[in-house]
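Each of the next two complexes has subunit A plus one other chain: subunit B in the first, subunit C in the second.
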Partner chain A sequence: MSAAITAAPPRARPFGRRFGRGLKGLAGVLLLLGAWQASVPLVGMSSYFYPSPADVIVAFADLVRKGILPVYLADSMIRYLTGLTIGALLGVGLGVLIGLHRTASLALSPLFRFLFAIVEVAWIPIFVVWFGYGVKTIVLALIYVVFFPVLYNTLLGVRTAPQLLVNAVRSLGGSRLQVLRLVILPSALPGIITGLRVGAGFAFRGLVFAEIVAAKTGIGYLIFEGTQSQQTARTIVGMIVMGLLWLAIDQFYLRPIERATIQRWGLTVDAEQQA
Partner chain B sequence: MMLRQPAIATVCVIAAILAYWLSGVAAAGRKLAALEPLPPRASYAVTLAFPPEQFHQLRLQDKGRVVEVRERTVYIMDVSPSAAHDIAHEYWVDSVTPWAGR
Partner chain C sequence: MTAATGTQHARRGPAPIAQRRREALWLGTLPFAVALAIWWVLPKLVDYPPYMLPSIAMVLDYAKESVLDGSLAKNIGASLGRLLLGFVIGMALAIPAGLAIALNRHVADMFRPVLSFLQAIAGIAWVPLTIIWFGVGNGSVIFVIANTIFFASLYNTVIGVQSIPLALHRAVRSHGGSGLSLLTNLILPGALVQILLGIRTSMAYGWRALVASEMIAGSNGLGFMTMEAVQWQRTEVIILGMIVIGLIWVVMDRTVFTTIERRTVGRWGLLQR
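After this line comes the complex of A and B, so read on.
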């Protein structure tokens, strides 16, 4: 049965091609840095208003030397991973429940549609009132952000599971649990992974905002505090670290997981691979 | 096979965290070697390699009662042995010396 719905895994890109792509990406970054550095004397403003790449490198080294960046990075990642994990588990669990049970769908769908419209930014002040400044508020905001994309994509995956395969398992005497394990969940997996990737991106943005409002540590706080203390270069370090972190998470976790699920099932094609 | 990349990345991250932690433990041992055995509650002068920022003061405040900051040194009271080890574990702490307190 699994052979009928399993496509051959995509071939890995040759190392030379990947290396060439990496070099081109690096060239783009270096070009931007060169233009930025060259523009500093032309702009002619103080480093508070317009820090140069050299200022940012000095600020980065200073933050590492003083132990600030490693702690902020660790705090942000712990919050992010906690929120992402809990939000994803809740999203998948309730997505499967709503997808399979009509009563649950009738009871919960309107509520979730209503809550979906209220962005996490609106919740954070209330969370601060209820839970105070700190980890709880940030993690709750992240759970909220991750939950809906995972929920709706899981729901879509569950509802579009091939009825033919469901009937086949049932006609062979399969239990509801076996239908879920052998058909529904594998069919929903591409949707779950898509939801996870979207939710992971949203959560990353949510993390910055939540840390600005409700934390005294973290990369979001660094971004905010840098401008407050007139250390704009630190703000830019925070922004660059956020960008690099996301690139690393996407490159080393989300993309490989997506490749191992979505493309394996033959449902999508990596547009970049075609480029 | 396809998930080799996340597995390698995870192992690298864990290895980096472990190396950081172990180097901190070794550094704490060196910094506190002359003070062992540590008393149940004590006061210390914690010297950094630079003037402490709010971040460092808050971190030290979690470990005891910060009573004074003078140039690169933070004076802290009511520090337990485990908190003293935590302080010495930080790589930005140059030295931890006994202080008579107030």
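After this line comes the complex of A and C, so read on.
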């Protein structure tokens, strides 16, 4: 989803053009900051209601100096990665099972469709009743978010595995396990990655929401607590950190992984299917 | 998602359709039956306070009560009304903004980083701030939904315009079309399919944003109803809320989004699955 506004064609651009684009992008950022600063006297409200960029920088320095921000950041990331990992493993496992096993598919598909419709957000109140305000509730919600996109995309990958190759491996004496390892999983991999990427996007918002409701640390808590304690500048620090964090995750982890898998497997599978 | 297209089962001979339907029906309802049975039997086997998991009867009683006194209908109406309003505002802003970005390279270059950043924080993270600005209630929730829908649809609009084949641009141009006629004859209809198909994803984000922001900043609605119940430990309200949230999404998905997909596909034949 946050491939976003970019959607640039995947060919290398000349340096000059990229440089020019970067410069214009920077101008856009500066324009936004300038408009924000200029609007502060126009709005004419207290910094509790409408903090200025300077207030936010001071709050940022304060949060770093007191060591609050690094701790919150680490807590959020640990929760995020734990939820993402468990959710993805469950999604892949059950996706392969449902994709290959007819009875499992008939039995579990309606249940999963029903559970998928109850968005993770709606589970948080009952998780709070069951597990209290804390890490358990947050991680469970994240597992729930990541599970479904990974499951459905894995399923799609498994079901579009070329039957020709399955037959080839079988007729050359390969076991079912070898079919799984050599044909099914590789051809499902682009789907798994797509699912992970979609799930990672939903989960990031889920993380922030779960931390607003059920945490005493973390970026979501920082965003919430800032306004509760009348330190609105802290809330904005939290929002900025959140935005930059997601852009970094997307740029440095999700996209390279996606590119690598699709280059390695995605196209080959297509070619085989057409053959 | 019918199992019949799977790789493994293609080898078996096709079973009679009626028999396969029957099998799908009883296998599909089995997990629900098991879950209900466990739910029903659990209080008799394990001792736990009823607020942890209310009995089925309690949930049904509350369902009846809230239907009869109209409070459930009121909450559903409030949620759906806000969703619709937020959606309309978000789309009304996203389509012109998306067209500007897709059609003008300078605008795109300038705003891409800012918009990517704002998109990354779109939605629920704004709630604490909107509570200060608009107070608890409609204003905050609608702002968050509109904000969420805007960023989800902006992307679809841009993709929609960019996916129009260059040949069509040239065709319109070489017949002397330009400016407004280019916009109304080519770009808007060309981008429309993608915009419509993208509504489902936008709404998936919007629906979550609605429920979540009602939980924190609502004064009524389904999200408010379920979160409020936590304080009073009225788990039967929470469970009813969850079921209703699930059902509404299924109904919206089945009626609105599937219809959009079918209509757009029927007319333009573009669905890719």
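In this section, the second predicted complex is superposed on the first by the 237 of 275 C-alpha atoms of A that agree within 3 Å, B and C clash if a C-alpha of one lies under 4 Å from a C-alpha of the other, contacts with A are read in each partner's own complex, and residues count from 1 in each chain.
Just so we're on the same page, a residue touches a chain if its C-beta (ideal position, glycine included) is under 8 Å from a C-beta of that chain, and two chains touch if they have at least 3 such contacts.
None of these values were measured; they are calculated from a predicted model.
Novice: For A:181, decide between first (touching subunit B), second (touching subunit C), both and neither.
Specialist: neither
Novice: If we overlay the two complexes on their shared chain A, which of subunit B and subunit C does A:260 touch? Say first, second, both or neither.
Specialist: After superposing on A, A:260 lies in contact with subunit B but is clear of subunit C.
Novice: Does the superposition put A:252 against subunit B (first), subunit C (second), both, or neither?
Specialist: In the superposition, A:252 contacts subunit B only.
Novice: Quick one: is A:70 in contact with subunit B, with subunit C, with both, or with neither? Answer first, second, both or neither.
Specialist: Touch status of A:70: first partner only.
Novice: In the overlay, answer first, second, both or neither for which of subunit B and subunit C A:18 touches.
Specialist: Neither partner.
Novice: Please tell me which partner, subunit B or subunit C, touches more residues of subunit A.
Specialist: Touching more residues of subunit A than the other partner does is C.
Novice: Using the touch definition from the top, list the residues of subunit B that touch subunit A in their complex.
Specialist: That would be residues 1-6, 8-9, 20, 49-50, 53, 55-56, 58-59, 90-92 of subunit B.
Novice: Going by the contact rule set out above, which residues of subunit A touch subunit C in the complex?
Specialist: 1-7, 20-21, 24-29, 31-32, 48-49, 99-103, 105-111, 113-115, 117-126, 128-130, 155, 158-159, 161, 163, 166, 202, 205-206, 208-209, 212-213, 220, 223-224, 226-228, 232, 235-236, 238-240, 242-244, 246-247, 250
Novice: In the complex of these two chains, what residues of subunit A are touching subunit B?
Specialist: Residue list for subunit A touching subunit B: 9, 65-68, 70-71, 216-217, 248, 252-253, 256-257, 259-260, 264.
Novice: Which stretch or stretches of subunit C touch subunit A in the complex?
Specialist: 1, 3, 5-10, 23-24, 27-32, 51-52, 101, 106, 108-121, 123-129, 131-133, 152, 154-155, 158-159, 162, 201, 205, 207-208, 211-212, 215-216, 223, 226-227, 229-230, 233, 235, 238-239, 241-243, 245-247, 249-250, 253
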